[in-house]
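Here it is: the structure, laid out below.
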Amino acid sequence: MDTDLMLKVYPFFLKAAWVTIELSLLTTILGLACGALGAAARLSRLAFFRFLGTAYVSLFRGTPALIQLFLLYFGGPQIGIQLDAFQAGVIGLGINIGAYMTETIRGAIIAVDKGQTEAARTLGMSRFQTMARVILPQAARLMIRPLGVNINALIKGTALVAAISVVELTYTAQRYIGSTYKPFEMFMLSGALYMVIIYVAGRAIAWADRKARIA
Amino acid sequence: MNDKTPFLDIRHARKSYGSLEVIKDISLTVDRGEIVAIIGPSGSGKSTFLRAINDLDPLTGGEVWLEGTQVNKKLPHRQYEKHINQVRQDIGMVFQHFNLFPHLSVRGNITLAPKMLKGLSDADANKLAEEQLDRVGMLDRIDFMPSQLSGGQKQRVAIARALAMKPKVMLFDEATSALDPELVEEVNQVMKKLASEHMTMIIVTHEMGFAESVCDRVLFMDQGVVVEEGPPSVIFRNPESERTRNFLRKHLEGVRS
Amino acid sequence: MGLDFSVVPKFMDVILLGGLWTVAITVCAALLSFFGGIFFAVVALYAPAVIRLPMRAFEWVFMGTPLLLQLFLIYFGLVQVGIDLPAFVAGVIGLGLHFAVYNSELIQTAIVAVDKGQMEAARTLGLSRGQALRKVVVPQAVRDVIPPIGNNMIALLKDSALVSVIGVSELTLSAQLAIGRTYRPFEFYLVAAVVYYIINLGMEYVLRKIERRIALAR
């Protein structure tokens, strides 16, 4: 193993790791927003919204994230969407993971006992009040762990933006593999950083989960 | 093997988990064709004792011999595995919860071991399955899945599965305890039939009536020891020990009420 | 620039051939991940520590890093040690191993959950531990996790797009080829997406059928 080389190039990997972290955070935020909207649509009383929600989930989970990303980044300009690679990465991956989060959030809401809705409605609360004050607070606890699984997948999924030349961890590894012919060393460097990021994210989610359970 | 060698011979069986002794020096010999019932309160060690006979729950002391072969021989791991797999083919066992293989049909359950271990051809194994199922009155269910059978039917298939290995002795570990009352009789009938065919059987049971009518000998176990043993007429009608009397009084009341 | 789908038919054969390669790589990698998953699961549960622990580390790394990165490692790593595999084979190995690790997690849980009485009954008949695992315990465990394994296979189909990056001429790379000739990325990526979606629907259909058959056999 060429440790000298690894010591020489690791600052570049550290810098790239920050890009991966930034991507992950922004994608998580956008994904959660899409997921919340998607879940609201899927649970709507209006058939039209339900259809939109279902179509969103089906199309974005039914095709590769890479194709979605290419369509947005390379195809976007043809329909008037001009984005730089980083923006396209965040938006493409965010909308994609949002489809998965839609199902997670919807699942958690459905998992709250039906008796809770009935009890709240019996007290005279409106549908909206019931959802906001009774169902969602309970569902929020249930969804933290499965959303954590989505976020774990998302962090690894940010590697896809290497294919549109965003200089993050995987792109950096690929570049240095090409120039140094040391694939194993470069994999070690970038892999270790991914595992650190995923570990920290996992701890944060476990912490949030514990908090929610105590509250 | 001379005529003096007992058929099944268990010598000074002991078993403990740490400091907890569950079997305290039990010896038992069983003749070929003999039917022995083991009764006793739950936690008396009777199931553990039964499961020690085929080394499923290995003893911590003592020896088990079947027809001059030591079952629980101390051997290096590999040799022991080879030895025990051979010996177990001679010792059939029927469990409280049937333990049929749910992913295999009734036929598959019965033919699996004969095909794997005795090298039977598909045709021979099928014939064997049909014979054994006929013996327990389940031939018409040969292509059912276990999930399609009632508890009593499952247990009869489990008995046929054990019989298909042509065992020298059959062990029954509370074979009817998990069954609904109305399904107990069909399993008892099968066991009675085996008794009439002089199958050697050791039966752990809660059913005193069945034990009395079928068995040649009854052991009453409590707290890891055999408190009393003898012919059913003595044990059930005229037991010597106070503990046996107490157990039977409670149990028979429970049965009658 | 606008959209112009009139160029699509001319390249439809290229796209469809790419679709076939996508199906081929998905099927091969799915088979590898299925049997590899069973193998990894049995090793992880029953092998001696000298094999088990490196195995756990391997699983840990595979679950903690991106598939794309793993593909680069396998493709370029093998070249470096003198094994020049065709991209297709490298892609199958990369995808297959990656999903084998995920399948192994599922199968391990299922093996542990199989009733202890099943092993006992098999051992009582005289089957060795290995025979009992092979014929009794593992088949039940695998049957129990067919639905989540199926979901992994569908994820595998979509992740198969990544092997375009190491030069496997499957659907995504075929679309890129057509784009290189026509400069019409939106049109061809959309067509590729439609083909993926159809394959995806087909896989879901087959999976539901298998699930129903298993449910009936219970």
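Order as written gives the chain letters A, B and C; numbering starts at 1 within each chain.
Throughout what follows, a contact is a pair of C-beta atoms (placed from the backbone, for glycine too) under 8 Å apart; a residue touches a chain by one contact, two chains touch by 3 or more.
None of the values given here were measured: they were computed from a predicted structure.
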item: Identifier of the chain whose CA centre is least distant from the whole-structure CA centre; value: C
item: Far-end chain from chain B, centres as C-alpha averages; value: A
item: Top chain pair, ranked by number of contacting C-beta pairs; value: A-C
item: Gap in Å, rounded to a whole number, between the CA centres of chain C and chain A; value: 22
item: Distance between the centres, which are taken as Cα means, of chain C and chain B, whole angstrom; value: 46
item: Mean-CA-position distance for chain B and chain A (Å); value: 57
item: Contacting residues of chain B [partner chain C, same complex]; value: 54, 56, 81, 85-89, 91-93, 95, 97, 99-103, 112-113, 116-117, 145, 147, 158, 161-162, 165
item: Sites on chain C touched by chain A in the complex; value: 1-3, 60-61, 64-70, 72-73, 76-77, 80, 158-162, 164-165, 172, 175, 179, 184-187, 189-190, 192-193, 196-197, 200-201
item: Interface residues, chain C side, partner chain B - complex; value: 115, 117-118, 120-129, 131, 135-136, 139-140, 143, 217-218
item: Residues of chain A that touch chain C when the two form their complex; value: 59, 62-68, 70-71, 74-79, 156-160, 162-163, 169-170, 173-174, 177, 181-184, 187, 190-191, 194-195, 198-199
